[in-house]
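Think of it as A, B, C, D, E and F in the order they're written, each chain with its own count starting at 1.
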Amino acid sequence: MTTSPADFAARLRARERILGYWVVLDNPVGTERLAGLGYDYVCVDAQHGLLDYKGTLGAMTAIDARGTCAGMVRVPANDGFWIGQALDAGARGVIVPLVNTAEEAAAAVRACRYPPHGVRSYGPMRSGLRVGPTPAEANEQVACVVMIETAQALGNTAEICATEGLDGVYIGPSDLTIALGGRTSTDPSVAEAFDAALTTVAEAAKSAGIAAGIHCPDGVTAAKRLAQGFTFATVSSDLVHLEQAAAAHLRDARG
Amino acid sequence: MTTSPADFAARLRARERILGYWVVLDNPVGTERLAGLGYDYVCVDAQHGLLDYKGTLGAMTAIDARGTCAGMVRVPANDGFWIGQALDAGARGVIVPLVNTAEEAAAAVRACRYPPHGVRSYGPMRSGLRVGPTPAEANEQVACVVMIETAQALGNTAEICATEGLDGVYIGPSDLTIALGGRTSTDPSVAEAFDAALTTVAEAAKSAGIAAGIHCPDGVTAAKRLAQGFTFATVSSDLVHLEQAAAAHLRDARG
Amino acid sequence: MTTSPADFAARLRARERILGYWVVLDNPVGTERLAGLGYDYVCVDAQHGLLDYKGTLGAMTAIDARGTCAGMVRVPANDGFWIGQALDAGARGVIVPLVNTAEEAAAAVRACRYPPHGVRSYGPMRSGLRVGPTPAEANEQVACVVMIETAQALGNTAEICATEGLDGVYIGPSDLTIALGGRTSTDPSVAEAFDAALTTVAEAAKSAGIAAGIHCPDGVTAAKRLAQGFTFATVSSDLVHLEQAAAAHLRDARG
Amino acid sequence: MTTSPADFAARLRARERILGYWVVLDNPVGTERLAGLGYDYVCVDAQHGLLDYKGTLGAMTAIDARGTCAGMVRVPANDGFWIGQALDAGARGVIVPLVNTAEEAAAAVRACRYPPHGVRSYGPMRSGLRVGPTPAEANEQVACVVMIETAQALGNTAEICATEGLDGVYIGPSDLTIALGGRTSTDPSVAEAFDAALTTVAEAAKSAGIAAGIHCPDGVTAAKRLAQGFTFATVSSDLVHLEQAAAAHLRDARG
Amino acid sequence: MTTSPADFAARLRARERILGYWVVLDNPVGTERLAGLGYDYVCVDAQHGLLDYKGTLGAMTAIDARGTCAGMVRVPANDGFWIGQALDAGARGVIVPLVNTAEEAAAAVRACRYPPHGVRSYGPMRSGLRVGPTPAEANEQVACVVMIETAQALGNTAEICATEGLDGVYIGPSDLTIALGGRTSTDPSVAEAFDAALTTVAEAAKSAGIAAGIHCPDGVTAAKRLAQGFTFATVSSDLVHLEQAAAAHLRDARG
Amino acid sequence: MTTSPADFAARLRARERILGYWVVLDNPVGTERLAGLGYDYVCVDAQHGLLDYKGTLGAMTAIDARGTCAGMVRVPANDGFWIGQALDAGARGVIVPLVNTAEEAAAAVRACRYPPHGVRSYGPMRSGLRVGPTPAEANEQVACVVMIETAQALGNTAEICATEGLDGVYIGPSDLTIALGGRTSTDPSVAEAFDAALTTVAEAAKSAGIAAGIHCPDGVTAAKRLAQGFTFATVSSDLVHLEQAAAAHLRDARG
């Protein structure tokens, strides 16, 4: 496939099937390796992850050094400064957590766009090399995705999906599970409600013509979610996989 | 098993079977997780790895925060400052690269010991909390391991193993493979010579009554090496495993 | 005494007498030493202090490496992201500055709790190892303390203390002194009003059955505050004590 | 001229002609050099720039090491925590971005002042050495400047300038150009509206008796703006000038 | 021109005319911009510069993110660890300071090559993605350049240039000027001896068939040196140019 | 007293009585405070301390921001790169550890001086602003002090002190105590030998006309050492004093 990171937002909007990887470690050399494996995007987590802004800059640079993968950032909060900073760093898309209403989704969109479509402030310190270069082009090339992960958001799914300028919605399964009454972040006792919520979100996104994404614990689940109607899926995450791998090797070593 | 990190050097000297994990990432939160999995030690690589001294300090602290695993450092070079700094950080043992002769091995040992047994300078900025506290006790509780990974060292194996005060030798398979004429770091065309070298080192260590260790690409190989007569084996490494895991999940996601 | 850091929130809620130390320096090795002296908690200051998130993570890890002391964080502001991030790092309690009303106190509490009791987002990157592990257990094991340090807050003390789920209130003497009209942060001319404010807060906390804490310049004052009815007191701080010690040694050196 | 950095706010308020330089790089050694060239102030950009808080602290320290120049910070957002943190670091003034209304300007002013004039929290971790020392003196010695860079702000210029306690307004030409419909951040097609906006702001500031500042791409423009009625002008920036210089030398090298 | 960074060593060996830029700042975003201007290489200075190893890694990644420029490192000293670390980071060449004799030059060469041509240790943590991948290929693709900058080295120029495997020599004009008796690093009173030294080195390199490089204060000098027979020239440096630019703009601003 | 940091080396050479403080923490804000207390110098410890090169640069800048105190660095080892780097950072003197012979002392001196008096390489990245500016002046303004802390050095005291160009010797009491057979770094059982060693060193320095310095645990000891004939004394250290202060306040708090 001959896609380019510059096409990322367009592919997302076109509801192409897209796969990503999730990074919580401040680990630019590792992120550079991950970015060359064939994932369409790598998303660094600035909310729960272990990267500060220098880490985000380093990760975006590392991803660009491979040249074949788009960098995304899950921003700390639905806040203009955090969103603008991630985009200045060269992210080709943001995932905005904890969006509960259409108004909040609209604020996230505005934070991603320069006037007249939004309120983003101009200072593309690193992205100026790669995204745009004009404000209108940058507006076009950046994807704005909001998370649906609370009970309130679930009730507002259709309205959120209908937000003008929004490019996609994204399910955070851990928070959603807890929001649905789960006792752990993967509680199977709420599986039915969880599956129904996934259907609700995927269908609302389809109706609105925007992308529907979801966080997945592994590749098998990602494949399943794409088959269920999600258009993009992230495999999570470096920290978890590292711990799993090290535990598996210890079992092997002990025979 | 009720072992304590404080017993690490003693267990190594007693030629107990010991398993470790290899860390090249500056990733204290991940290292803390790895240190709780059941490995006897975690060794951070300050030669080829991506940690500076703050990273080494952070890794040693993270390992100690789990309380069940010993921290080791593969130091940048056979140099008194680098060795002393790793020990000041709280390492319970060092792996010294590129040792070619018994004289060099003796220098590594001296760098690990306070007078009268060596030339280590006193300033246990972090280790003072944990190792020792007296110089004599610290000398006893710190393991000095040197690497055999060059053609010259291989020829000097017996002399190196006989170095007074040395606690163990450690094979670096990549460098050794290249030293034996391999075209890559895992070249199977030198497998016979490689296996012979392993036998040479393991037997020399046994004769000298010191530990014999080796770096392994995976847990299965580690088990095999312990069965072959090595007394400690490190499974390597976080960066490699991360890349392998992410690639495997991508294959799964693509179905 | 055989208390454990895991009991910290329970002890605080039980209004046990608790002593802490205040850290503004990004100094993990020093913090590890401080955490072993016998203080019940060490609180790192992410509002006025000199630590960024990596510093907070390092401090929490260093505290846990001693195993006997609870880590707290004074967060930058009453904001869900900052509070969640501190808890993800493994803090066993947060001190939230500049809370003026019961509504603001309730928001602080919600930021500390997962649903259904709050809005904390799930991603306990480091705390998952230690606090919980279930959301309900994590809710139980984390202490939420809000600061009373403005004129407005002082007027709302009773309402703030009555906030459901709040574990304690904490006086910031410098800000409170200035709020009371002091010309410096320790202005004795407002001592009477200051003492009255302390009584107000300590009694309101007692009536509400929550903990009452206060920042103290030294150990003698901490003892006095505990005798006056406060249930926890922090001795402040590493930076101030360092300057005092160095000045004292200079006087000694000059004879 | 025998001015001192301590006089900075007073000079700004007196509408003296003042020149500054803009720093986006985390480069304390370079900033120390820049601070000795004769500029009245160096402003580090914590909104679009590449410095985190440690970078801001390092820059303020580097500026003070030259002793002749005032340090300013363009804060990330109009938020009490960000403003207070910049002032704690020793900034002698802040430039607050994206202020749209007089209410927002008043909030920025309050964030800069201790009670009773504002809500700044006390903890002058670094500034305590240099600014003040009493809260009243610190209030006096710190300049609060807000940016006018949106269409909404332009419409509210007079009201913003009339904000009690405000020391100056500052034009962000890039954002203003885009707000006026420019297709790039320097679009000449909106030059007329841009010039009119400059006149509006400079005159409103003059009427209100506060300083009027503006960001300039080069020294020639800075001279022109001061001649047009602006009282302070910043030459921008290290990153841009570095790229320009390197490009110019390459042209020279190629002949 | 359709050259690739992968051809860098080959072009240097072929004595092509090559231009570079010198970076002393830990400034990855700026370095990324510089790397896209058309210079053939950017060399980061780990001897006198302000970058630690993380800075070097970040600079190499930033250079690779542009895709058109080769990264070099001037290493701290002629030491196997420093040289290997720079190459592990992905440098396509090293400049080794303070080489005085042919023996020292041979040691620098050995440190750059894996066995059997040298003693480099295998662990291409970042360079494994880009340089090689086999040891033999990596040996081929990495340039080893040593500095001639002392009186002793000048006397040994021919012998140094004849070192087997050496790819180039490089003049450090500041140290050379002082070595020749200059009272400053650019003392014109030793211009004649300086020019003679340049001729000596350029001709010796030509005779030996290796590259001859030199550090230059500006582009005009670089052009002159290439015309004089040097095959590569570096324009120096970001820190100096930044100070010059800021001073020039201040003069302009003052009219 | 109207001394200036620029006079530091001259005062040391004149055997004036000088007092310093020892810093092992990477804590620029604290170091800035310490530098204003009245100590003649602050020495940061790059051997056993917790600062990397950025920390050393930050400490030197912080010291210079107070303007009244000289910055020194105890370098990691007697190595040209480490010594040059400390001086490039702006140190006005270095303390070189583990010097055993006059030859080693002479090497330390040469590393501190530009040709023709030494082999220091030119690149005073930060010191160029403050020390010198010519090489000859920089040679004059920088103090070279070597440590006597081993049995071998003690035996060579007279020869070391006679090293041409050496400015002072410095006793490391911990290492010296262990070298004399002490079981701890302060073992009183070797007090007699220790006192004799002090006399030996102080008298040898006096005979040679160079400064004699010593590390002291506290101000009282510093006063005593100056009275005994030492010309400079360092009070040690921030980390120790911080722990002592926190412990004392805890005792006070517990009543």
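Just so it is clear, a contact is a pair of C-beta atoms (placed from the backbone, for glycine too) under 8 Å apart; a residue touches a chain by one contact, two chains touch by 3 or more.
Predicted model, so just to flag it, every value in this text is computed and none were measured.
List every chain that touches both subunit D and subunit E.
Chains touching both subunit D and subunit E: A, F.
At the place where copies subunit A and subunit D touch, is the share of residue numbers found on both sides over half (same) or under half (different)?
Mostly different residues: under half of the interface numbers shared.
Could you tell me which pair, C-F or C-D, is linked by more C-beta pairs in contact?
C-F
Over half of the residue-numbered contact pairs in common: that is the test. Which of C-F, D-E or A-D passes it against A-C?
More than half of its contact pairs match A-C, so it is A-D.
Could you please state the distance in Å, as a whole number, between where the Cα atoms of subunit B are centred and where those of subunit C are centred?
Comparing mean C-alpha positions, subunit C is 41 Å from subunit B.
Hey, how far is the Cα centre of subunit B from the one of subunit E, in Å?
34
Among the residues of subunit F, which are close enough to touch at least two other chains?
26, 29, 33, 50, 52, 57, 79, 125, 239
When you check every pair of chains, which ones turn out to touch?
Between chains, contact exists in these pairs: A-B, A-C, A-D, A-E, B-C, B-E, B-F, C-D, C-F, D-E, D-F, E-F.
Mind listing the subunit D positions that touch subunit C in their complex?
Touch list, subunit D to subunit C: 52-54, 57, 79-81, 84-85, 88, 114-116, 119, 121-125, 133-136.
In their complex, what parts of subunit F are in touch with subunit C?
19, 21, 25-27, 29-30, 33-34, 37-39, 50, 216, 218-220, 222-223, 226, 233, 235, 238-239, 241-255
Can you list the residues on subunit D that touch subunit A in the complex?
24, 26, 45, 47-50, 52, 76-77, 79, 97-98, 149-151, 172, 174-175, 178-179, 181, 183-185, 239
Which stretch or stretches of subunit A touch subunit E in the complex?
For subunit A paired with subunit E, touching residues are 28-29, 32-33, 36, 57-58, 61-62, 64-65, 67, 125-126, 129.
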